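Chains here go by letter, A, B, C, D, E and F, matching the order in which they are written, and residues are numbered from 1 within each.
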């Protein structure tokens, strides 16, 4: 079984870290290849960042041909996931939705904690897209940028602990999704400090991707996720023409 | 890895069928034990059936001690799942929620097809409990009782096909969950006829249970799913006293 | 007119207190019999408690034959109410829903205050089941167990006052339902202290039950609440076989 | 116990019919006085009708001083009910909400059938105001004007039967509220024809009003339903100045 | 192009202020006439006030014949707007909805700040009526009566600033609608103090009314907003008979 | 006043048609420049199309510097609108939201009719993004591709008429938004045939853009729509680096 994990941004340090976690949690018989797009921003912290990241993410799907059994979009926001599903019959799993399914199986009241304050609206839309607007009881932000989340682990962990503790007290939070692929690997330390399930989105997605491949189910091509119709798309290379 | 699958009813033929599917889809290193409750109805088709089934289902959790790494409630309705989660730190996965997560990853517009017309309200509540009231676009019923669903496969498959086709035409359904553990194993035939993903709930739950165990995450004991407080419970055996 | 009030738990002191309130508010021509199940927990403070209470509650309906004109489920949570409605054509009124209808007629912004913190999720589901998720503006918990709620009245009243005052200030609460049958009879003291309507759920249910009997309307047997179909139910006595 | 029933329109035949039903269902010790406003339209079938009816309805509350223990607004739409609650501490019950509470206790899937097609939007807002947008599964209209509903009983009953049957087939309706005070008294004939609970809104409101008076609870004056502040109101008589 | 602005209350100072703002923002080729109803309260701060204001507001529409190209209801609450739309084919714009459309185009997270605490429920219903229950993130009240809002500008501006700052901190508010026509003209001062868009509802409505007239679109007469059917309406002058 | 209208796709014939309508409805003192992106698909009929169109759309905002007072995104779907709002303080109006605001002011029950069946999910998300999930009563698709919608007017108008008539009968539709910029200019013909308001999204957006500029309000830079933070974005030209 081969799974391709696509980091949503072009920050190599984060790609490596995502790969490290993915390799750690994969089952023995699973090959994982972690990549990052050829184009796009160093981090996704605005809608502008997100929309400029998506073509590169989709290119990673296209370039893979039939080499993989499943794809993981490793950016909490699952950017472009609907289009990714149009491009392949293989299951495409977003790390955001994966972490929410896991949270939903472990706790009655769960939430999400993420990075910059300005992404609050993006996070709400991501939760709505997966269908969980009425289940998620708390959304928190640390105010720490994505790249610093990756490079300054101690400050990040402290800020996350602070926000999660506050949500436990105020919103009666019982489990939390780490809402940024850049937080991959921080779950154990936070669980030790907080005593509630803390869900690493990349790890969750790897296990769900394995499950989906094991199920042998494919993306529906009945309507919404049909392949894009052929048409000229200016300014994109040949391999991205549908 | 050991997983216990608990059929929600006491119909042995269905327990065997559920076991057959579960053994088929499990990964090689996984042991699966399928059981049925010592008490409860032959099939769950009313609220009365459901509520009389739950104590027996919970007893199956209690009797297992620490012998299993995860539990599956194999009745579309996930009866008693909140109490099951109170009784163990191990992940408890309902076949209903499992099939909905899978559908949600495969299609933009998915639905559920189940047995008796009278269970419509129960099915709606199950969908709401998992959080998907705003995602599921169609709920259909064949009118065929659960036991007949198990014993008369040809009529069942024809009725399912008819309902799903109607939902595809009217509700633009793109994928469908088989909303009864008694339909386990019918997915492939229906996929062949219909051309859209048809999700076997038992199979979905087995793969998600493997994923959850692989993730090494435990049910939150922070609030809702804490162990039941000790107190006398009249009319139940010693091993069911909390 | 004869009404049967069924305490949801097996705590005799609470059954007596519920009866005291019910006898107090009943109309002169109404006979009220208050009972408690033969089986089930001393108090309902977890999903486990609730699911183990329900068979005994339903047995109380079955044992009544046609002796009563209406039934009241006296546990805020209305446990098993859908199944109770399957078992009889007589109106079945839950104390939770009854108190919410009354609140809804008296105030624009109302809420619920209950016992243990861990029941928050159960309370939310009860409110949703009655249909009022979008109307109830505040849910509060005192953290006091059900039995202590019954036995330590002064501490209970003080804790309730504190929570309700806080909800009045923060959530602009204008009326409140006492969310536990064990709080029966505390409404007047709290109204005197707080100046807003405080609704005793048992009293509300008695008056609504009288109203329903007076209306001569019966539970719909058209679909959801049809009688359970005959089938073997293992481990339950003959009189509980449908 | 004295209850004032206020017909929302100025159609005397309907006022008499409402009174007839109210007298029929009232308990022996209850006095009922049915009135109609001094001003306002002959029937309420548009927003214009409704808004011109409300001052006269409110005047009926004001003119009553402390002579009544409860008030009933006898127009499905509960026009001006929030203002009526500002004007008195006595319970004010709308026939629309009363019928919906009753339906909600009798059936899992209930609906409303009313008169003119154009009132569909008004009916939806009424259902939302009571809090039941997510519970009511079907809204139907006969297309017959309110006054003709009152005067041509056979045609009305036939049209109602047709719409309700259609809702039973299409929407799986299990009980229905007659959504116009002009349909008062038609419930028994329709129940006989259809076999599901048909709820007469006036009757429902009378029994709930009796219940509310019996409960001795008063409208909250904490915030929304405080008495209107004194201020000049041009064009209205002295007794309507707050 | 001629637009009639109808102040919802009969407070002449407010009518003048509304007119001042409307004249200020209107386009050069637009004639604006601002009026107030012949009947109704000096300010709208309760449901009673609102319902007694509406007939006078509607009379202003009726008296206008075909003299105007559009109407503006200048009271945050858009009182009687559905009936106003029944009375004319010309576009009728409420200042509440207008300000919300503008906020919705300028900010992801917007709210409303208004006068008396008791109007909270009215404001929520106004937001729901326009369709924005799921978009508006904060509703605040200053506790200052409408007339004082008009006459004591410094205290009003300070109170508004305080509430908005609090909403910015707590609810992450990014733009705010001034939820009372009596606050007309305070937007610039508040924007200067707060640095977020502050929307004057009267100004918003004037510009949207110009846009609607420019579009040459008319109120739908297909169903809900059909002209009221002819019928006697007691207690109203001839020109108000439909 | 200068307004830039950005066609979402790169189909020149559609850009010309959009411009023709925009010039027709603009006020005399308004300059309108209609452009199309340098990159992107010929039509937007899939998520893939949409996501590949957005960078080019955003580039059009960036290239404009301060030359325009407002921007219009002329694709029903308002692709990338959140990012467009990050890039400028000038108002950015989407044709989808504009048409829905207009519909919401003209009718109680409105809907949307669009092109390919597969875009149903995209349309639902667009309606949700504007906030109107609970207001829009009908979504219809003709099945005709975007480019053919532009080139084969008679077939398009007939198909639209058919779908709208069906929605009028089944969903009680009272007004409809033409859900594709390629339908610009068809509103009058359809209004003549159908007798209900038919809203041309481009025209609606032009008038709302004029209104927004007249209001002198700017996009909130408080949180969500702050300018993107500077960071390297691989594969995009210098002028697109934030």
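Heads up, the rule we're going with is that a contact is a pair of C-beta atoms (placed from the backbone, for glycine too) under 8 Å apart; a residue touches a chain by one contact, two chains touch by 3 or more.
Remember, it's a predicted structure, so these values are computed and weren't measured experimentally.
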Both-way neighbours, i.e. chains that touch chain F and touch chain B: A, D
Target chain E, source chain A, minimum contact steps: 1
Most distant chain from chain E, judged by the mean position of its C-alpha atoms: B
Repeat of the D-E interface, chosen from B-F, A-E or A-F (over half of contact pairs identical by residue number): A-F
Inter-centroid spacing, chain E versus chain B (mean Cα positions, whole Å): 52
Geometric centre distance via CA averages, chain D-chain C, whole Å: 27
Contacts with two or more other chains, residues of chain E listed in rising order: 82, 108-109, 117, 120-121, 172, 223-224
Chain contact topology (line, ring, star, complete or other): other
All chain pairs that touch each other: A-B, A-C, A-E, A-F, B-C, B-D, B-F, C-D, C-E, D-E, D-F, E-F
Complex contacts: residues of chain E adjacent to chain A: 108-109, 172
Complex contacts: residues of chain A adjacent to chain F: 10, 37-43, 45-52, 54-56, 58, 80, 82-83, 85-87, 117-118, 120-122, 125, 128-129, 145, 223-224, 226, 228-229, 231-236, 240, 242
Contact footprint of chain A on chain B as seen in their complex: 25, 27, 82, 91-93, 97, 101-102, 104-110, 130-135, 168, 172-175, 195-197, 199, 203-204, 207-208, 210-212, 214-215, 217-220, 222-225
Touching residues (chain side chain D, partner chain F) in the complex: 117, 120-121
